[in-house]
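Both complexes below contain chain A, partnered by chain B and then by chain C.
Up next, the complex of A and B:
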């Protein structure tokens, strides 16, 4: 894996923006009310998240993406096997499970919480107020000109974006979080 | 002369002197000054020349409405034209220059225009520059552009060095305007626990109240403002932001505001401007009111100012506009200016009040202090040159006979007030004409409503037509209550308005003759006078919108803030209609100009546009790729070697593929997974050919059409298993086709059991192409890619060189060819291994142009080259890919329409030039005769054209009328230089027609 987009990239300003290493990701499309889905997730020790949120179990998490789509996070190397097991568990159900670990780039923003929120609010029209975007709330939105998913967890802001736009997203995040550009609103 | 007074000035800090220059002249001001205040303090009343007549113009106002004091600010990369001196905060080292003068501000040659004014009437440009038409572009336009226009554009090579950004804010209540009304509305909503954002365009809170005086809750207005600010600052749910202009309101509580973060401190860290994009549940606009000028002859002379501006300069900046100031008014408010002048110890020869009975309590106070008040009088004309020297007093009811001349060096005028209704109007709020106050005010019954039918914008205070402190505070409370449906709070006690009614004075004197009217300015910035509007009415421009465009009234950068109502009134009188019947022109955002850079925000330089990069982008870059933008992707066009032309590189790459081994980064091609029990049925509807019959392990080329039958995309489909298909799309089509699939599934076939997923970015896909392609894969090893194990149009999963791959045996070049898909994180490793292993086979990475040539030699079509949204597959000879058995597919019914199901169309053929040259892409084949527009008839068009290094000559494809029936016929193609180039119609497959090379 010599080519993870923006792996190890760092930009320090009002907040610290870091490109992340490999992240296992699995897209799962299914009727989220299907009993088999609940069972399949439970078999992996995972729980179905409520809309606009995530559930986590150690290094694995389930992100709600849309009324019929989930994204599973897991260690990169585990993704193919987890994907295969979930496919198997859902074999009698109309579902699509696919590894998408390589399709996206992951970023993490750390720093003072209000600054993290303001940095993102320079790029996304989604409401970044703590009451609208609490810890564990997942939003699919845009960052400046490209699509992204964002959430806050354990004091950090997390961003997933398509890998082809990784340079752009990193640049936009670094710009938004640059020194001297505090808004002082949130 | 205008000067700084020894004492006073509530906004300036005399301990901090700031140096600046105006037209190169060294000047000084104080911290807290605006540029306009500092200019006046240095007796620089003359600040520019007017747009059309180059008349000398001075500072007229003290705020955003200023039409005259526009300056070019800064130099070089930071030069910015048309900046209003009245809202520019002074800073150390500021450099400003006046505009629209030549050769100098004081001696301007263009001022001759004023002598020729009668030759430059309304509609002058329309009347003069109509004929001959041939002169429009090269004679008239350059002439008009040179003589008109205000500021100069920055130098072409200048690059703005500053930062800009956007900020998205979400609040319960946005309050626009930090005067008394805005403060009170924010305070009430803040006390109710709402999240509130209060913005103020200037650096100072409190609006006019600290200058105009009065008491609130037992405190002088200024102290009340300070106390309320403290109260608001202490509320955790309220945010205050100064220097932030509410620029525009839109539907659903969306508002745009521009924060001038560091205009007053250039070069400071952080953004210069920040564009606020605000979603507010509710909005209060408390934007105040703007004073109107009076229309009398010579009202544009430097030294003639709005009465409120004179007061502002005195009280805020301790600047007197002149030693002897006359006040002329039609209302009581201007008496406050008179009293302020007296307080400052300045000479005030007279107040000229157009009302026969004069004013009320304020007039009584003025008279009691010994000021001479001339009632029922007007100004026949103001006289002077670069500055006013005197006014001729006349009866307002008369025609302008001079009764008395009063010398003066400043004149404070007030024609009444106009509420700033712009923001309310932006979002659809309607206005009523107030007969007693003579202004338009918001009609709360016809306001903007939200998605739920509830009003989401309310106007408060002077902007809502309330001009007394007590009334303003009460209105601010009720505005917040109106919006949130809460009880109206008790208004704080404050000074009520105690003024005599104003009198509408649209022309001074009422019966002013032509000579006077022709010098009575309505629009100072665009040089529109009373006579211009009257002429427009006389010439039949009865609609206010037409009059605006004909006369240019209100069309300058100030957008008619001062001229609008006066112009409307003159027009309505000329038309003999009431002002509300004539109506207003449309108010559009932004309220005042905002910088384009703030609109661009972060989108400049590397962030101008997201460039999509494949996992191999870095390798391409390191190996000298020239780029072709495809959608937002950058794909290598070719890899020229040092000293090699791009054209030569393409030829070398094509030959290497045909003779040895080429590598293509095909990662950008769309890869969409389609899965479910109904996937086969869905695929049959998406593609024109039969896909449900495809066996797992096999590939098939397919076409997709829009519901109108036009060819939309193409690509190879691989069936992964009984329920799963992988659809390859074009590079530019991936997102579009994915959306197309989702749309049909979500809106039409919602009951079909199909999921789709866009996997485009998951894989790096590498084309391994050429006679040696199998050899290199065998050398790296891991999967049997023999003709028997992996025949043409099959795929398999496996490993190559120890990396996981899916191998597709497909060909877009006519050569033996494999496409290897590997998870993108491994992409670079696989590419590197192929390059290293391929060395002995002459491995040659090739770009999109070589790919195009290779496919064209084989007659393969390209979406976007052979198609343009009007081409159906049948036009391209692709009937073989259209199923006759299927009852339906998207586009089938459209293709059965008479003009589609018809051989009489332009259809695809190959072309060979007779001289072996290359036809220009897009060239038309001419046909005999001309059409109704006198244009040469055409019978075909080149869709693709290349030099084929394989064949050593030019090859082309074209859509030609009945083309396939006309093999061997020679057509003539029109060149842009008039030449005609002959080319012979051929088949579309130029190379290896039997397909022997790919099938080995």
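Up next, the complex of A and C:
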């Protein structure tokens, strides 16, 4: 099993593609309108994101994944304790809270914004223009042949993909953003 | 290229982000049905030139199943709607009646 994303893989071309290393991830599924969820998140200083977006508080973020699913990002070592506290806070609610840190790999692309968008646009059918995909918008889509989640935050593009395909995703991103691959369309 | 808007998350998804689920609104015949009805449920599908109701799953997205009404000839999409229904909702019927008069007679044929 490859640990390419974990071991700090790095490819520099038109954009810099980096494996993010260990990333704490907690999957939270329940009725997102439940009052108990708002309270549970607030207890951790977090806010419920609007559909297709994210909220962030320091090293922690909450990503909207589907009408009944959130993904919490946090430092890798904090995930089990955070998961336990959220489970406790949601104990009277029909909910599922699970640490899924090892299920996915996280990547970061940095560089000129238009080139970040262009690099991703070569791999996804999703509209990567700023008006369709503004900062803070979370889009689950397809990168080449596999599922991924994409968002732009603080001048970087972020990608989450299943760890079983981490090598593939890293390779696809690195190839799409390699030196000389600039198109200049976006 | 076919683009369908997922009624659950609102994303305008490309065909390649979706998984097709075939003809919509089938009656699921059970063991108590007669052989002809069961055979129809298992094997017989409409293949119209025109208005078609389909099931799709937003597999590279929110993961939800939904319904779509579209034209198999022009690829015009009339709309998408929730999975929790056994027939096209009124809103979709009105769009079809406006754009494809007689669609409901053809659908019965």
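By our rule, the second predicted complex is superposed on the first by the 180 of 186 C-alpha atoms of A that agree within 3 Å, B and C clash if a C-alpha of one lies under 4 Å from a C-alpha of the other, contacts with A are read in each partner's own complex, and residues count from 1 in each chain.
FYI, contacts are C-beta pairs under 8 Å (C-beta built on N, C-alpha and C of every residue); 3 or more make two chains touch, one makes a residue touch a chain.
This one's a predicted model, so the numbers in the text were calculated from it and none came from an experiment.
Judged by the touch definition given at the top, the superposed model places A:125 against both chain B and chain C. Of the two partner chains placed by the overlay, neither chain B nor chain C lies in contact with A:40.
When chain B and chain C are set side by side, the one touching more residues of chain A is B. After overlaying the two complexes on the shared chain, residue contacts for A:109 are found with neither chain B nor chain C. When the shared chain is aligned, chain C comes close enough to touch A:140, but chain B does not.
With both structures placed on the common chain, the touch criterion links A:176 to chain B but leaves chain C unconnected. Overlap of the chain B and chain C contact sets on chain A: residues 125-127.
Contact residues of chain A toward chain B in the complex are 1-5, 22, 27, 29-30, 68, 76, 94-96, 98-104, 118, 121-129, 132, 144-146, 162-169, 171-172, 175-176, 178-183, 185.
Of all the residues in chain B, the ones that touch chain A in their complex are 163, 165-170, 195, 197, 239, 241, 268-271, 274, 277, 279, 601-603, 606-607, 609-615, 618, 632-633, 673, 675-677, 753, 755-757, 759-763, 823-829.
Residues of chain C that touch chain A in their complex: 8-14, 16-17, 59-64. Residue ranges of chain A in contact with chain C, taken from their complex: 51-52, 65-67, 69, 125-127, 139-142, 147.
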